[in-house]
Structures are given as C-alpha cells and as structure tokens.
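One structure, pasted below without further comment.
Order of writing sets the chain letters: A, B and C. Residues in each chain are counted from 1.
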Amino acid sequence: MDKEVAIIAYAQLPYEADNNMSREVMVLKATRAAIEAAGLKREDLDTVITANNDYNDGRTISNMRLVEPAGSWHKNESKVEMDGTFGVLYALTRILSGDHDIALVVGESQASVYGGILPGIMMLDPTFDRQRWLLNEVSAAALQASAYMAAAGVSAEQIAAVAAKNLDNAALNPFALRSLKGADAKKVLASRPLYSPITELMTAPRCDGACAVVMASAKAAAKVEKPVWIKGVGFSHDSYVTERSLDSMGSLKLAADACYRQAGIEDPASQIDLAEVHECFAHEELMAYEALGFCEPLQGGVFFDSGATRLDGKLPVNASGGALGANAEYATGLARIIEAAMQIRGDAGRHQVKGVKTAVAHGQTGICAQENIVYVLGGE
Amino acid sequence: MAKNEVAVVGVGLSKHVSKRRDVNIAELVWEAVSACYEDAGLKPKDVDAFATGNMPAFEGVNLPEEWGAGHWGAYNKPLLRITTGGTTGGSVAHGGYYLVGSGLFDTVMCIAFEKQSDGNSTMGLNTVALADAAAQLQLGVDPGFIASFGGGAVGVAVYQASSYMKSSGCTTHHLDKVSALCRNNAALNPYSHLKQPGLTPEEVAKTTLLQYPIRFGHVCPATDGACAMLFTTGEKARKLTDKPAYVLSCASASDEAALVGISGSGTTNVDPCEQESCKIAAARAYEIAGIKDPRNEIDLAEPYSPFAHQLLMFYERLLLCDEGEAPSILDSGSMNLDGELPVCPSGGVISTNAIGASAMERVAECALQIMGKCGERQVKKDVHKAVAHGWGGAVNLNVVAVLSDTPRR
Amino acid sequence: MEYKNETIAIEGSWNLASWEWKFESIALIRKTFEAMKNERKLMANKCPGCGRVYFLPKPYCLCLSIPDEWVEIKDTATVTTYTFTGAWAYEGIADDEVSGTPQIFAGVVFDGSDTKTVTMLEGIEPEKVHVGMRVKLKWPEEVAGGLTDLAHCVPLEE
C-alpha cells in the first residue's frame, strides 16, 4: 500500500481511573477533538466505526447509543467488537473499497463501570474453563510468562525492567494514568504480586478512556499537512488459549509478516524507527520483539538488555509508556497507532524520538494476545 | 467504486429450531460453515479472512470466536468481529463486502449466528435497556409506570405499528396477510423455523392479542441458528460457478437513539415508523449500485421484519413504492412467490429469528434466489437485482445491501 | 446433517449486578423535575451548536455539542405519533380481548423543544386523535417533581 489511506488527525482523552463522565459524553469529547484536529466538520465524515465491547460497556448493542456522540447520526456506521486497531482495519477497507473517503474510528471503555475481571472470564470456553474458575486474563498471562521465560531463558528481573522502562517513559506522556519516573526492576518486583511471576506494575492498568482517529483516502488527504500513511497491515487470529503453545506469539508473527510484505519491509530491525506495542503485561513486549522480527526468536531478553528499545535506543519501543501507562480496553491499541503517528509527525512532545520516519503499531484482543494486528506507518 | 468486484459463491445455513440442545455454539456454527464450504466447493485453506458476529448477551459468552473459531477453520487467519445488535448479520456481510472490495483479501468467510437457547432471551433483551432502567430507578421512577408506556410484551413495535397503520392505511387484516404470506413461504424453506403451510389470514386473526395491533401470529419466534456466506472477487467467482451473486453495494445509516430510554423520550426522532435512516441507507446503496429506478430495477426484496407491519413499512422505506402504497401492493399479490416483486420468499424474520444471523440470512436469501438455488421457494420470475435489509438497535440502525446477477458496471 | 443424540446442559450465570454505569442525564433531569415542582416551569436544555432544544434535557447533541443553556419551554405541545392500549376503537377486535382501561399514548413535542416526550392523552375520543393535533400538559394539582407530572396531556382549545 503506498499512499492510499492516511491518518490525518487523532485525539486522546487523558486516561483516568474514574473519569466522572458518561460513556457517551466521553466518546463525544474524543470524537469532537479528533474532527476539530482534522479541520473538519461532522458533516464531512462518510463512515464511523466504534470499537467497544458489550460486556465492558454493560450494554447489549453498546454502539446504538453512540450514534450521536460518535458523530454517526444518519451516517454509515458500524461496530467492531475488538480493539480499536481492528476498527482502523475496517475503516481502511471501507476507504480502499472506494465507497468512502473520510472515516472516524473511536475506541472506548470505562473500567470504573465494568469493574475488571468479568469480561475476560466471559471469554473462556463456557463448557469447561469457565466452570473451573482457574483461568482469567491475569492467570493465563502468568502461564504465558512462565512458558516464555522457560523457553527463552528470560528472568523475572528482565520482565520487571521492561515494565520499569515503560513506566519511566510514561512519566513523559501527559495522557498516561500510571507512571514511575526513574523506576527500576526492583521496584516493579516489589509491587503487589498477582499470579507469579506477574506483579501489579507488570500489568496494564485498566482504566477509563477513549481515543479517536480520522482517516482519509489519498484524494481527501491531498490538502492535509503531515498525513501519516498506512503502508501495511496484517492481522491474525490465534488458537484458543489452552490449545496453543504460549511461549511465542504465533499469530503476531503471521500478522507482522503479512504487514511487512505489504509495506515492503525486509529487515524490520533496521527499517523500523520506532514501535508502539500493545503489551497487556510486560513480558508480552519481549515476546513481541521476536514476533515483530526486531530480533531472532527467543532473543527478546537479550535484545532488551542491549538497550535498543529504550527511549534513546536505536529502536525505541513504547516511548509513550505503552499499555502499561494506561489501558482503556478497546482504546489501548488504537492509542498505539496515535502515538506512532504522533512520533512520525514530530508531535509527541516530551517523549518525542528524533527522526522517526517509519513506525510500527500493534494492537491485540483476547486472552494472551489471541488476536493481533500490526501496522507500518510512514510520513511523506 | 470497489477495487474488486465482490461476489457470493456459497451460502450455508444450519438447521433452525427453537432449541438446539444437541450442539454447542461452535458446533452449531460449523453446520452452516461446512455447508457453505460445500456449496462453494472450497476448503478452509482457500479462505483468506473471516468476518463474524452475534449478539453476545444472548449466549452469555464474550467474543465466542475466541474458543469457537478453531471449529470453523479460522485459526491463524485474519478475523474481524463485527457486532451491531439486530443488524449484526447484515453488518458482517457488509464486512465481507468491504474486506473483498478493498483488494486486501480475495476470499472471505462471513459467519453470523445466535444460539438463544444457551441463554435467557428475556435477559438478553433486558441487557439492552438495563443501564437505562437503572437510571430511571435513580430518578425515582416507578418501574411499573415506565412499563405502562413501553408497549408491554412487544415493546416499541406497537407504537411503530399503529403509527405506520395510521399513516399508510394499513389495517389489521394486512398484518394477518403478511404473516400468512411469510409462514407459507417458510413452509417451503428447509432452513426456516416456523413452518405453517396453508396458514390463512383468518387463522392469524384468531391468535392471542398481545397489545393492539399486534397479535401472537404477527411476531417472530426465538430461534437457534447460524448462517455462513463465502464472498470472493468477481474473477474468482466466475471460475468457481456459472452463476455467482454479485454484491453491488452496501450502505447503512443510523437514527438518533432515545434519551436513557425513558419511554422513548428525548429524541428528535419523533415518529417510530419514519425510519429516515433506512431511506438514507437505501438511497445510498442504490446510488453506489447504479440503480436509478429501484421500483422497476429491483426484482426481489428481503426486508427485516420480525413484526408483520415491518414488512410493509420497510418495503416503503426501501424506496420500492410511495409511502402508504405497500398495503395495496400486498393486496395485489405482487409480493407473492409468483408476483412482480416477491418479498421475503425465505419466510422472513417473522418465521425464523436467530437474532445475530437474521440480517445475514436476508442477504443469503437474495444471493440464493439470484443463483437459482432456492428449490421449492424459488420465485417465478428471473431475479436480476435484489435488496436485503437489516434493522436493529434502539429502533435506530438500518443496513441495506444490493445484489445482482451481473457485476457492477 | 443428522442430529446428535447426547446433550449435556451446563448451568452457569453471569452477574449483571457488577456494572456501575455513569450518567449525566440523571442530574439534568432532576434539575428539570425541581423546576417543575418549585416554579411550575418546564426547563429544557439548548444546544449551542445547532440550536436544538432537548426535553427532557440531554447531555449531548447529535451535532457533537454539549447542550448547556437552560431555556423555559411551553406546556403546550403537538402530537407526532400515538397508539391506543385499548383496541375497542378498531374494527374486528372483540371487546373481551381488551384488558384494563383503554389509554391513549402519544408522542408529543412541547412548544419550544425539538424532541419527543411520551404522555397519555385525556379528554378525547381515540378516533379523534390525529397527528398534528394540539395538546396541553395537564399539571397535577400537587406537582411531585417527577416523570408522573408529565403523564397526562389534554386537548388544547384554540
């Protein structure tokens, strides 16, 4: 894909534990900010995709009351019940098909409304796993972490150091909910233990938040300053959590391979300037390094230790703090796209990395990153 | 104009009954998916991507494809989950159209389903309004008082029906005739739920009155069922089959939802039968499809009508006649299987309603009629162009697709 | 495909009590109810973006603005849609099928607002109700400050 569809504007609301507004008003604020940033009016939108989940929202057909707040009144609207990054994929196909020129994608959820653990539990196989009450998103991730540690020889300290890096970066991101300036592995390991080896500071904090992006066809993006082009996309659905090996991210690799083919990326480690990864748990970032081809398989820990993914490294990952900084589910991956686009535009403020021309953004849905999507974004 | 021509090359439906206790969700869906592979002569390896959806509150499973999709051949493939309530199946079909039309994927398996017997349908429906009910309690509103405005057992449909009847001249006899037409068609459809061969309008008129003007015989059943469709490029379709059904266009539009559900109040959408968004979606779909005169160019319609009056109301809102004309068109026999513009030859949603699948089954029936695969219920006339519709949300979401036997020019 | 024989039912439940939804509308509507009780006024909120006036007040507008200006609207209204609970006014319906007292529900738009409110009509034969007819809120003798105060409208003599 070369200069066919661009991200022309975006907006995030500050992520908060309880943002003291209804879901509808939250979505309206994100929508309006994104449309204004694009210099457009509601009337200019052709299609609107919301990304949210009925269980998180506690409402069946949860998109139906977002018609007005998401600007989709009398517009071609749909809902993707996956992370907002998949909403971007749907909007992308709607534009590429030629039927639409300008699309808005909004991702949202409010942890203060849904509590936390229930939507994840409801994802389990209802006939067996759900009845046993052993698995949930965190315990499953702990199994994933242990399997990966054994396979790749990674230590809990290394995983904690990934969390420390992201929480330190998050201190520079005004939207982040959780940050720890100068954090180190020791502090992360000393935080509240959940399921070993996972501690609280290794998990992405569920919170309230919404973010939105405006996308445009080449024609509609012609007059836009600093469009960020979608150069490639790939996505894949992995096996159910108990039916796959948890020591690598197979579907992320499939997604990345497809994406790089489209974007003409042959050597991601040298051709990618920056990556924003949707790491629900710190160890998933190490696994993502491998699946995204930044290093060889099982070399995630070694690659991290090299310092390459630090803010001043040669391939900074999660300069924004990533999902560990804020995790408004269904908006979290979409925020990765926004952060990557900000870096390409040079609009990232205090966590800006110099000279970002090509960036990777990753989103996921499901237990242990069952569904993954990867984008390569680039500037002019 | 889509990069790729989009065509339907296979349709699969599961058995549709009220309670499928012999299969779980994944197995129920597999019935439809395997039938679809067989119909198209394709295998899971030939599929480039999947689109799927249902209404998750009905089964009590969040993202059911997480554990079920392995059964359908979707593991290690791209999968997009699209859920929009009653319109879900239509929205998933739209997803298939865009995934293929974008040029990103050649062959896409679209799957929509509902296994209502796994959950409690009333609970499933209650969750639509549960948050609003909670808000009303906060306002000190007596739930019984609200219920008295709500339209009783059939909800907002009674307002819509009487509002439509007043504006169109439709009588209760027309509602009876719609039910008889659909249930008789359903009797010819092996995949329908309520089959009532020989049912007469007079018999429908004798069923229990739920709330004026709606009788038991005017309302859809709750069904377990699944629908699968294979979408591919025009080029591939022509290699696979002599008679693919092309998807010329898809469009949707949304009206304003009512404010916290208080008696349908607080919305500028003041008349429930107006359905402006259906007209907008239909007009846009016809425009993209290059249809200038839908009344003469459309050969068959599958409006989404869980309640009898909606078949007539949406026939009008799909711009197939003037407003208020549908009842007399029904009387003329034009909507029958051997009529000029057959409507709901499948038996429609009023005969079979596996909620998440229903709006896709409208698209599927249009495709099957175009492909000439409908057996006993195949309409008499040649079907060149057909329109499929879906409706849902808080009386506010509409999806429309136009299919044809020839590709878009 | 043949049906399989064996079936195993597994009980489960999902706890619907664990969501805590957030609403602006509750506070807004309470404000309207207070004005009804204290000042016998109907207060609506107006959108600064497009001028639509919402009654009951709504925290967001379809033009993406936040309606934040309070305006008084009139207690006279126009009927836009209606239905009858009792079927006796219609052809072919036996009286014994009608339960309870026949009631006329109507969607009305109060003068000065742009949105529908559902109320019951009193003092008119059902067959005389028509879209476009003018009605007036029947204020209760004692205004309770709640939705029940808006329950009844009567035809307006003009």
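We take it that a residue touches a chain if its C-beta (ideal position, glycine included) is under 8 Å from a C-beta of that chain, and two chains touch if they have at least 3 such contacts.
Because the structure is a prediction, the values reported are computed rather than measured.
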{"item": "Central subunit by CA centre of mass proxy", "value": "B"}
{"item": "Far-end chain from chain C, centres as C-alpha averages", "value": "A"}
{"item": "For chain A paired with chain B, centre-to-centre distance based on mean C-alpha positions, whole Å", "value": "33"}
{"item": "Centre distance in Å when chain B and chain C are each reduced to the mean of their C-alpha atoms", "value": "29"}
{"item": "Inter-centroid spacing, chain C versus chain A (mean Cα positions, whole Å)", "value": "41"}
{"item": "Where chain A touches two or more other chains at once, by residue number", "value": "58-59, 67-68, 73, 122, 126-127"}
{"item": "Shared-contact residues (touching 2 or more other chains) in chain B", "value": "60, 127, 130-131, 256"}
{"item": "Residues of chain C whose C-beta touches two or more other chains", "value": "12, 14, 19, 21, 23, 25, 62"}
{"item": "Touching residues (chain side chain B, partner chain A) in the complex", "value": "1-3, 24, 50, 53, 55-57, 59-63, 65-67, 69-70, 74-86, 91, 94-95, 97-99, 101-104, 118, 124-125, 127-128, 130-131, 249-257, 276-277, 280-281, 284, 288, 392-394, 396-397"}
{"item": "Chain C partner contacts - residues on chain B that touch it in the complex", "value": "15, 21-23, 31, 34-35, 60, 123, 127, 130-131, 134-135, 138-142, 145, 148-149, 151, 158-159, 161-163, 166-167, 171-173, 205, 209, 211-213, 256, 259-260, 262-273"}
{"item": "Complex contact set, residues of chain A against chain C", "value": "20-25, 28, 31-32, 35, 42, 58-59, 67-69, 71, 73, 110, 112-115, 118, 122, 126-127, 130-131"}
{"item": "In the complex with chain B, residue positions of chain C that touch it", "value": "1, 3-7, 9, 12-14, 16, 19, 21, 23, 25-26, 29-30, 33, 52, 54-56, 58, 62, 80-87, 90-93, 97-98, 103, 105, 107, 109, 114-118, 131, 146-148, 151"}
{"item": "Sites on chain C touched by chain A in the complex", "value": "10, 12, 14-15, 18-25, 59-66"}
